[in-house]
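Can you keep this structure in mind? I'll have questions shortly.
Naming follows writing order (A, B, C and D), and every chain is counted from residue 1.
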């Protein structure tokens, strides 16, 4: 573990995996100077993948968002979201029937697509669930928590079927100090009430890293030793990267507070190979 | 453990502790025939206490509710709610300042009374919390979950202070099949997000049983062996009673389904001394 | 919360509850100067109770140990151990049959006494358990972990019966830096494997505080506001005292490291009313 | 979910992943008739991989064991153990220093090989750990639990380093009714005491399935829809297969008791696509 400058580390790798929130952007917009870092990686011929647990927006929407914020040089297909893994699962494992969901129509559109019908929880008739074949936690927005969380609990309790969580993050930051409950947090509440474990997608799960690794290897030859994972969160980015067997760098531009780094590493036992201020410095 | 008739068991004790929901009443009103059971206990001179984790209503309100449903013979002071323990804690441990809360105004009125000011979460100014000295989860109603749960998380995260949960039940039944998230479930979500443990009141905690035991002994002399706890829930009524060292009877008129009793006892290891259909039969 | 001198705080109370390990003694023997503190309390007429989760030794043995270490002025009946609560439970709830246990013969002798037969796990015949009516985790010593932990798991899995944990502490300190797994840690392993929750005795459970409170009130009149709990551990002494509704003081002479106090209080949300170096200063 | 015959299901797939314990063999030796099933798969040209969480023995040792039991037709390289994933991790992530371990010398030999020195916990000097760069839980045998588990706790507590668990199973069966604590159970005890999460290898983690999937694709072209996972345990085999997006079949020849299948599926929400008695019938 060394405190260090991103560029001097990154140049030893053939590819970098970047978390999006806390590394490339935050609640304010782009992290200042991040364009320079992306340009540097491109000029060095280092491959880039963005690995994000944000399942509320498709690749294209995340791409558009980068553009709107003014970031150039990240392509649509370089963005990998946990929603893509959720979609893949649903495609392989649930062949018939409707999927009920908690989330926005938008999130349902891109994750549950593939010719299949989906239905928001509020429209489910608990006394006629014959057609419901699965359930998906997609987003923390788009529904009335007071009503629809209870309905979700009763729906899942009444009918045994696969239940997936498209984004396992429990919270997301909304300002310097404050957070908001994310999809994974709501799913956790329901898991806790029903004493069940749903199927979660997203970092730190190896599947996300493997998806990116396979994708990378379709455009060249990469070994695990060629890749650096950069993230702002020990429990997702660093744990996942460590477990997948690639080098990891923790940056302090997101939700890990600089003054707590040492304590958090000690307490969690999740040890990044490198620590830096941001991908800019 | 024996399958048996309530009256033939109860008559061997000098006092019975009855859970309210699932024993005396349910989502439909009074459990049919329960008046006869109360009358029987009275005629035998057996003392009664109602031990309920419902913290949303005061003793008086619970009493009025029994009356409205048509039940006679339970006195105000025989009703013991987890809210009373929460109130006692606040009185002893938080001497100055306001208490912020999630719940109805009604619940705040009776738990947070005692001359102290209380403030619902929605009215708290996160940038001016000087005066806030504690936080209480009081009820699952009376606030906007989408907004106020997030605000609660940020409030508790910003200011370190005692946080109490007046009712630690995670759900309550709303019909034969369906449940609703209770105060304890919402508190659990927040505990999970913040990785904290709040101070919970209510069964199975010994404090509730001790409160009832002390109260009983102000009107006579009772040993633990003189008391029978009757409840419909293994994890609260029976576990709590067992741990307190009194005999326990599980009744199947509430949320323990008859066909699952044996499995649930095996899985949890919580073993009632007696099992019966209800306090009526 | 104020940083402060023990004696200047204690003199405002009519009684103090003292944790034993980390407050009165440690792995080295008596904490230096502790005799003066006990003498001070006596001279002020302040009642004393020792509340210890050590269930491996009886009141008398703990008393003898204080004497051997050179401490005067603590009487046998002022020592309250979690083992006493376990014994009380067994007496009320298990009327017939043998109790199987993990622990030393000594611990079995004093907890399981009361005319009843007990049997160490190693002597249990798994194919003839008719006579076994309960199980007790008593001590981390006195048995072969490799063999007897597995046997315990199979024993409890085969026969459904009350299982108690006489000391719920997961570890105890054996030197400045090192700890040893305590009874509660071994019980936790078995609970985890069997996905069960046993009946635990000891702080932070209210029962221990209530036992001490009742005992105190047999020799005078004490309100909760008259009592100060002093301990070295947030999760047992301070949480338990807070919940019971009495004032609490954290001392740094035991297993809470001074440099981590603020962080630990922030992380756990367990807030002592006072913090001091030890009961000496 | 359909109750069905293994061969009639398997013939619709191009490859089957078989769990070892409970599917191919058990505490008695080979499951009767299993040779016919392997022969059937071979005759149909269906590819086979054995996916086992047993990390105590190498591929070669597991192969030899199958042979000794009389099973023909499984090749060394078709056996995939969680220990192989642990070894891969150590190779990529721990480049220098010794690895301390709990387990047999044998397990250390094959997992920690690769030119690196390893040291059993009993030989570690806690006051001179400079050279220790990682820790591995390898096996539940080969050490004195009373002594070495405590030493492990203090070792990991004193030095922050990557800690891996080569087999995350908590127990393994030793007879029809009885189990023994496995490596994952011991690791869980230590995680619980230290409040940490180590890096676990083995099913249900996707990494194991991905390893097998990649391996399979080196000898042909396989889609996820071409593969059937067969196992006796919902929480590892079926959950892992489901999450990886392949079809799953639960067999009742191992540790899932036939009379509890429906209840366990309902309680866990882990739903196999097929259920059969064994791979024989």
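Here is the rule we use: a residue touches a chain if its C-beta (ideal position, glycine included) is under 8 Å from a C-beta of that chain, and two chains touch if they have at least 3 such contacts.
Not measured: the values here are computed from a predicted model.
Touching chain B and chain D together: A, C.
Same-residue interface: chain A and chain B share over half of the residue numbers found at their contact.
Spacing of chain B relative to chain C, judged by their CA centroids, is 28 angstrom.
Annotation: 39 Å between the Cα-based centres of chain C and chain D.
Computed from the mean C-alpha positions, the centre of chain A lies at a distance of 44 Å from the centre of chain C. Considering their complex, residues 126, 144-146, 149-150, 153-154, 157-158, 170-171, 177-181, 185, 188-189, 192-193 of chain B touch chain A. The touching residues of chain A, counted against chain D in their complex, run 88-89, 92-93, 156, 160-163, 194-199, 205-207, 210, 224-225, 239, 242-246, 265-271.
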